[in-house]
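Just below sit the structures, each encoded as structure tokens.
You will see two complexes here that share chain A, one where it goes with chain B and one where it goes with chain C.
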Partner chain A sequence: MGFVLSEKGFEKLIRHLSDTYRLYAPVLKPGEGRFTDTDVVRYDFVKDSAEIELSKKSDYSFKEILTPLSETLFYFTEQEMKEADADEQPVLVFLRNCDLHALRRLDQIYLQNGTSQDWFYNRIRRNLSFALIGCAESCEDGFCVSMGANKNVEGYLFSIDQEDGKFLFDVKDFSLLPVFADLGNEAEVTPRFVTENKVQVSIPETVPNSIYQNPIWDEYNTRCIGCGRCNFVCPTCTCYTMQDVFYTENGKVGERRRVAASCMVDGYTNVAGGGQYRKSSAERMRFKVLHKVYDFRRRFGYDMCVGCGRCDMACPEYISFPVCINKLNRAVKEGQIHE
Partner chain B sequence: MGKDINVKKLKKNAFRYSKVRNETASRVRIPGGVVSARSMGRIAEIAEKYGNGTIFVTNRQGVEIPGIDISNIDAVNRELQLIIDETKVNQDEREKGYPASGTRNIVACPGSRLCPFGCYDTTDLARKMDQAIFPNNLHFKVAFTGCSNDCAKVRMNDFGIIGMTEPQYNKDRCVGCEQCVKYCQKRSVGALKMVNGKIVRDTDLCIGCGVCVTYCPTRAWTRSRERYFRLVLLGRTGKVNPRLAQDFIKWADEQSVFKIVKNAYAYVEEYIDRNAVEGKEHVGYIVDRTGFDEFVNWIMKDVVLPEKAEVARRIYWEGKRYDRSNNLK
Partner chain C sequence: MSKLKNPYIPFSSRILSIIRHTQKEYTFRMEYKGEVIPGQFFEVSVPKYGEAPISVSGIGEGFVDLTIRKVGRVTDEVFEQYEGQSLFLRGPYGNGFDLSLYETGEVIVVAGGTGVSPVRGVISALAETTDAKDKHVIVGFKSPEDMLFREDLKEWSDKLDLILTVDGAPEGYDGKIGLVTRYIPEVPVRDVKNARAIVVGPPPMMRFSVKGLLEKGFEEKNIWVSQERKMCCGLGKCGHCRIGEKYVCLDGPVFNYVESKEMID
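So, the complex of A and B:
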């Protein structure tokens, strides 16, 4: 059911919701960008409607709540172990269409990949609900339409769109209907979504193994600096690494942390004995691109990349992921002709 | 009729005494190194109309219009007015050109307007400084640079202002990728190391360059809200003892830096060699004479530094000395 709320109504709604939920939303952090006087939009807990950034796409994704950049899993002594405490209060996450699609990928990897589920992921996941931020127009770098991640009709408690100083909601959660009825007026509301992006990609259906030797990857050896921003901002990247830390003088007490990892950063494929599977940036780029638009699909039946375009926004070397996808597609097509 | 020119006045009016008789060059002041394209166009017009059609780009980010007939000074001054207006340089009297040349153009690197490493808007502060100290006939060189790279070469100035940021660390956003450690090592002083998966910053070694912030891929490192400055003193070029400016204050604030530079004028007024050639004596040589402590007494008058600030109690300059040991054979 749809509702229209005034700014005041929206303010009250957020205040009301924060009685039940911890609200996790994109927030503009002034001066916290890479460079002097530049901002960053990243997720944080909010209490007030004014804190929620509804226009700009966040630079970092909502996944930081589910797979924190750094998370202590448990503490250990010589004989005992205790899981780190977790806040069990329900969380309402404000996210966009592409991100809600990304959620499915995160769940796939942590809950439906093999026989067991990730206990720590699940512990957070089960407390999450979602509010969908509609997209009135395409963002600059997104290619969600190409990836089929531009629209959602379910999976959220309510959607939110801003129009002429009014706030529009498509409310799916019945328990919230009285709250909205109290704060605003009923109306026809469909969450906004885009049907066209400036950036478009074509994904190859199959990719031959010969693509490993294709020279399309070579340029990334000199261009990529291996900083991993593309992975850290990606709403679908799920890789992590472990830190076992001993912090007492006798070295017997400590904690295990898991921290976000990046397949572009040095050390990612290091194994015992000093082996390193993908040494060059070209190899890493190839692995990442194929994983996002091919390998994941071979295992789960749909592509991992949701086309949010954050990797493009974040790359300090102006390496474009969609441009690389299209290059891959062309290379595959040309290969087919030659065969 | 012979030309009767007051050369002292001509120089103070920011015209050059040229080796070519009856010729001069107009020294256009561009505080902070940024000038509108429109003003640059006007400078070009003056060069075409009164000069020899060339423009000399100076070391201190001004420009000189050479080849001007000495009898055209008044006309050039009138045409300079729009440029002076637009660059907002203080003036005593309109259409009379620049009222002084002793205090040199205030230099700035591109700073945070363009440069990824710049810790503040150097041009903005250079313009503010120009407003604060110009016009003045005393020979002062002040320069602003955005970070410790010192692209503006502020250590060759009497007063060099180097931008600093105090890196803020959010350990919950740190994934231990160690890029900050690597780039601090390679591009800066190597003040970071990883201990137990998190970063430890050697606060004594850290120069506040912000390289860690620039390279951090997760925003674990961010810049401090406060802008800080390293104030370096009394560098100079010249024939006797060219030397680099030395650190006086680390983690200084903007207000203190401005106060100190202004205070230095009173000190020089008091102690300058009255018999100095053309009344021009570098501040550093005066300090060599009065002693550093007396200089500090004057420049620190009414200066209230932030708690963080560290002040050098003694400074030793080295540099080049031309003397009889200067035998390169």
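So, the complex of A and C:
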């Protein structure tokens, strides 16, 4: 059911929701960008409607609530281990179409890959609900339409669109209907989504093994500096590394954490004794790109990349992921002709 | 929720005994009750230092053997432990070897260095089969000092066709010298189209051993290998061991060669 709220109504709605939920939303942080005098949009907990950034896409993804950059799993003393406590209060996450699609990818790995659900992921996940921020127009770097991640019809409690100073909501959660009815007027609302992006990609259906030796990857040896930003901002990257720390005051007590890992950063494939399975940036780029648009699909039936374009925004070397996908697609096509 | 078993929390396991093979390789016999298959692995956990995936080198009533090479932060710490003390474990993980595939017919096992650990249980089972004469095992170590499982090697050489070789040895050594690949052509196999093979060891050794077996006439589908990768969970979540669409911890570590030849890191 659709509703229209005034700015005042929206303000009241957020205040009402924050009684029940911790609200996790994109927030514009002026001056905190990567370069002097630039802003950044990061996720944070909010209490006030004015804090929520509804027009700009966040530079970092919402996934940090589910897979924090660093998460304490348990504490240990000499013979005992105790799981870290978690905040059990429900969280409402404000996110965009691409990100809601990304959620399915995160769930796929943490809840469905293998025989066991991830205990720590699950205990955060079950407390999360989602509010969909509609997209009035395509963002600059996104290619969500090509990836089929531009639209959602379910999976959210309500959607938000901002239009001429009014706020439009498509409310899916019945329990919230009286709240919206109190604050605004009923209306016909469809969450907005884009049907065209400036950036478009073509994904190869199958990729032959010969692509591993193709020279398309070579340029990344000189361009990529292996910083891993593309992975850390990606809403679908899930890798982590275990890390033990102990307290300097009492060396017998410590904690085990998992920290976000990047397949682009040196050390990702290192094994004890000095072995390393992917040494060059070109190999790592190939590994990442094929995972996003091929290998994940081979395992789960759909592509991992949602086309949010954050990797392009974050790359300090201006490496473009969609350009690489299109290059891959061309190389695969050319290979077919030669064969 | 908290009542559900959390697979990340390791359990404490007593060290029943320690066999010192070399200065850097010990077998820790760990207290363990439960189903385990040769080729599976445990995450050995030393709080403060981390975890390391270690394959099972022996399985028995109330225990598992873990043969550990002292090569890193975690394993250095494991070597500080004594009999009667405890280590933390999680597992077992991975698919392991399907023993029924190798019990009848001709089999070659090619294993190098600590790669002997995951197949030790398989070789011991082959030694007890009625056609043990058709079971050929090529085991290679760097030097005579690096040999593991000396007592097993003696027993295996009595029961099945064992070729024990070292890459190099000081003068006066009277055993076989040379890489395992050198001995693959010499193994007497009557029906090479149906014979089966297992290859486990360092990546280059596996690559050349498989090449040798294929040149000898082995069918790709009759060769199995065991892979080793960095792993942080063993549960299909951390991502480190993924190769293509496969996860070594879930789909392996044992792969048929038809599958593994398509797996490029």
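Rule of thumb we're sticking to: the second predicted complex is superposed on the first by the 336 of 339 C-alpha atoms of A that agree within 3 Å, B and C clash if a C-alpha of one lies under 4 Å from a C-alpha of the other, contacts with A are read in each partner's own complex, and residues count from 1 in each chain.
The definition used in the following text is that a residue touches a chain if its C-beta (ideal position, glycine included) is under 8 Å from a C-beta of that chain, and two chains touch if they have at least 3 such contacts.
These numbers were taken from a predicted model, which means no experiment stands behind them.
Chemist: Considering only touches as defined above, state whether A:70 meets chain B (first), chain C (second), both or neither.
Modeler: Only chain B is touched by A:70; chain C is not.
Chemist: Once the shared chain is lined up, is A:284 touching chain B (first), chain C (second), both, or neither of them?
Modeler: Neither: A:284 stays clear of chain B and chain C.
Chemist: One more residue to check, A:34. First (chain B), second (chain C), both or neither?
Modeler: A:34 contacts chain B only, not chain C.
Chemist: With both complexes superposed on chain A, which partner does A:243 reach: first (chain B), second (chain C), both or neither?
Modeler: In the superposed model, A:243 contacts both chain B and chain C.
Chemist: Quick check on the superposed pair: does A:232 touch chain B, chain C, both, or neither? Answer first, second, both or neither.
Modeler: first
Chemist: Examine A:192 and indicate which partner it touches, taking first as chain B and second as chain C; both and neither are also allowed.
Modeler: neither
Chemist: Does the superposition put A:292 against chain B (first), chain C (second), both, or neither?
Modeler: So A:292 meets neither chain B nor chain C here.
Chemist: Give the label of whichever partner, chain B or chain C, reaches more residues of chain A.
Modeler: After superposition, C is the partner touching more of chain A.
Chemist: In the overlaid three-chain picture, which partner chain does A:261 touch, first (chain B) or second (chain C), both, or neither?
Modeler: Both partners, chain B and chain C.
Chemist: Which residues would you name on chain A as touching chain B in one complex and chain C in the other?
Modeler: 241, 243, 245-246, 261
Chemist: Given the complex with chain A, which residues does chain C contribute to the contact?
Modeler: Those in contact with chain A are residues 1-2, 4, 6-10, 12, 47-52, 69, 71-75, 86, 203, 228-230, 232-233, 235-240, 242, 244-247, 249-250, 262, 264-265.
Chemist: Can you name the residues of chain B that touch chain A in the complex?
Modeler: 112, 116, 118-121, 146, 165, 171-177, 179, 196-197, 210, 213-220, 222-223, 225
Chemist: For a test of understanding, state which residues of chain A touch chain C in their complex under the given definition.
Modeler: Residues in contact with chain C: 73-74, 76, 79, 81, 83, 109-110, 113-116, 118-123, 126, 209, 212, 238-246, 251, 254, 256, 258, 261, 263, 268-273, 275, 277-278, 283, 287, 290-291, 295-296, 298-299.
Chemist: Report the residues of chain A in contact with chain B in the complex, numbered from low to high.
Modeler: Residue positions touching the partner: 29, 31-37, 40, 42, 60, 68-70, 227-229, 232, 241, 243, 245-247, 257, 259-262, 265, 314.
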